[in-house]
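Some structures to go through are shown next.
Look for subunit A in each of the two complexes below; its partner is subunit B in the first and subunit C in the second.
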Partner chain A sequence: MTDRYIARAPDVAARTIGDELMIMSGRDSSLFSLNETAAALWDLADGTTPLAEIVERHICAEFDVDPEEALADAQALADELAAHGILIVSDAPIRR
Partner chain B sequence: MTTTTTAVNVGGVCIGLRTSSARYVDLLHERFAGYIEPSSRPDYEFEVELVEPREDAPDRDVRVYREGGHWRIERGDFEAALDPVSRRGRIRQDANPYSVDSLLRIVHTLALAPQGGFLLHASSAVRHGRAHVFAGVSGAGKTTMARLAPPDALVMTDEVSCLRREGRGYVAHGTPFAGELARPGANVSAPVEAIYMLKHGRENRVAALEPAQAARALLSTILFFAEDPALVRQVFASALELVERMPVRRLTFVPEAGAWDLI
Partner chain C sequence: MTSLMHEMGARALALGIPLSVHLDLTYRCNERCVHCYLDHEDRGEMTTAEIVRVLDELADSGVFFLTLSGGEVFMRRDFFEILEHARAKLFAVKVKTNAVMVTRAKAERVAGLGVESVQVSLYSHRADVHDRITKLPGSFGRTIEGARLLRECGVKVSFANVLMKDNADDYREVRALALAMGVEYKVDPTITPMMDGGRGVLALNIDEARLAAVYADEELTRGAAVSRAAPGGPMPREEALDSVPCSAGHTLAYISPYGEVFPCVQFPYACGNVREKPFAEIWRNSPQLREVRSISLADVEGCSTCVHGGSCSRCPGLAYTEGNLRGPSIQDCERTYAITGVPSENLKRRKGVIWLVSV
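Up next, the complex of A and B:
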């Protein structure tokens, strides 16, 4: 399976408030609220670490979840956030 | 033909409208009664070009975007441009009050955002020297709360409130932007006591909102139009800052005067 890479989009504003990570798209002002697991994924979206590695090393270790299920969930979330323009998903490392 | 500038000052942001049409000046005085500054130097100034009303004017939503260093503001019934550096611009519209009302709201959002200020979908009233702000989307009860205000409260608007950061807190300013009451609010200012997010219910109740809930609710009521990532980030940061500094509560209410007993 091809590695996938994720990076935070440049035109977004993000901040943790209470126990939620709130993200606003600078493109269309839409607002997103991420739970703890999704927020961890967001924090680790550096564009160079493969998504599978992020999930295995950090998500599974920290949140005690099934690796296959966690990866599938992470991919679905990444695709959803990418569809809203707040995350970049690529088959190659994302250099800035 | 004499050209004059009529200046409308809302919350300390003064916008001049320059026209040779006496009819248009009358329209401004009627629409923005209490907010006209006869001898002021406006912060922003627009040349008004009046055109004949068009039966076939396109029914387009408002767009606010940057092009060539200028703000472009467009809707079916008007188009405007603003140089953000010189703060001079122009508006092309027919002589109706709605186009210029929208222009003023939009320019205020652009002017207030960098200073941590907002226009909110909210009614507000001053009582005992403090402003109480009642925010919500259309139908939430903004005008109802304004109508139910006790005799010793002064209604600052029943539709769009102006909030500006001042020191550690916020000051609410009256606005001429009217909802169902169809009249300008009182042109007064007062420190904000609290913001209430409105919800119809079967009883009157006030509850504190968690910070994230408060931020979501507040962001849903901020007027903001610009397609501009930098400004969006500023508004987002300012909204979260307000939530940290001000009490934001949920006011569940039935439409009766007793709702004000909880304020």
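Up next, the complex of A and C:
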């Protein structure tokens, strides 16, 4: 499977309010509340670490989930966040 | 307001988080608007380093929405340095400007930094009226061009149309101009007192009949260009009496170019200075902010028995400038009367015999 990379979109606003990570899309100012897993993905979206590695090293270790299932879920989540302009997803490392 | 936005506001209120901060970077301005509530001097503005530190403190305190305003923000040579830092700290940044100094290069930079929106002050669709209010010849053309450049670069822009005697009849055309430019439109039909308490500018306010006409204009209310409701309401009166009547000091703060902290830009009750104490300490421990937070509508004389209790938009800042932090704001009572045609309890008391005869 081709490696996929995720990076934070540059035009979002984000802050943790209480225990929830709130993110505003720069595309249309719509607001999102990320759950713990999504927030972890957001925190680790450095553009250069493959998504599979993020999932294996951090998500699986921290949340005690099946690696294959976790990767599929993470890919779906990354695509969803990308559709809202919150993450950038690419088949190549994203360098800025 | 989306439900998620409402939830975030409620959570911030419960946790004592200052969700929104309005930071004026300077009071200097290239315009001299007749109704402006500020002076235009530099009495020792915060340096770039000081502002950067304050932004770090605001981010640590949980501030999500940051409004950068003035004065005119582009009068600060370090404006983009400040804006870059604000965006690096992931604030949702709104910039307020007259757009006179906006060039294509600046518009591109604003767009590139992911500013949430830019609010541009526009007073009329007629250049002579706009320029007469700003006292800057040629400002209308430059403001329109600045707004156009921002739009061309993909920035969300809104026109803030403050109404006063001189431009009260122009708002429909200003709104049409906004629509044609792909710009949002907001109208504010009231002039408020100056930060130093001066009330001379209130003479510029439009009369009751015109104010009522603005609030009755369905083109404005349907598009939410003018707000007729209280921030949290309308709600059942009993609930309103114990609720937070306004976010000022609860989830909102204002910081002046000199580091002074106030509950709101329209609420000149000094609560501390970020040059002397960290913002978080002022936010948590200022006796003035605690006092502001202790006031509910039920405490305000007249308001607690007023028919408008559940939909009242009493501004505590206006009440303060009218002389009593725990009193009503007659200017808001007049606004409510313009919207509803029903006098508030305090308006009836104020106008005494006249209301007794006519009610």
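Keep in mind that, in the parts below, the second predicted complex is superposed on the first by the 96 of 96 C-alpha atoms of A that agree within 3 Å, B and C clash if a C-alpha of one lies under 4 Å from a C-alpha of the other, contacts with A are read in each partner's own complex, and residues count from 1 in each chain.
Quick note on the criterion: a residue touches a chain if its C-beta (ideal position, glycine included) is under 8 Å from a C-beta of that chain, and two chains touch if they have at least 3 such contacts.
Every value quoted in this text rests on a predicted model; they were computed, and no experiment measured them.
After superposition on subunit A, the partners subunit B and subunit C are seen to clash.
Contacts of A:Ala92 after superposition on the shared chain: neither subunit B nor subunit C is touched.
By the document's definition of touching, neither partner reaches A:Ala76: not subunit B, not subunit C.
Legend: residue contacts after superposition of the two complexes on their common chain; A:Phe32 is shown touching subunit C, with no touch to subunit B. Touch criterion not met for A:Ala61: it reaches neither subunit B nor subunit C. Clashing C-alpha atoms with subunit B appear in a single stretch of subunit C, chosen from 7-15, 43-51 or 349-357: 7-15.
With the contact threshold set out at the top, residues 11-13, 15, 17-18, 20, 22, 24, 26, 29, 31, 33 of subunit A are in contact with subunit B in one structure and with subunit C in the other. Residues of subunit A that touch subunit B in their complex: 11-13, 15, 17-20, 22, 24-29, 31, 33.
Of all residues in subunit C, those touching subunit A in their complex are 2, 4-5, 7-8, 11-12, 15, 17, 19, 59, 62-64, 90-93, 114, 116-117, 156. The part of subunit A that touches subunit C in the complex is made up of residues 10-18, 20, 22, 24, 26, 29-33.
On subunit B, the positions that touch subunit A within their shared complex are 210-212, 215-216, 219-220, 224, 227-230, 232-233, 236-237, 240, 243.
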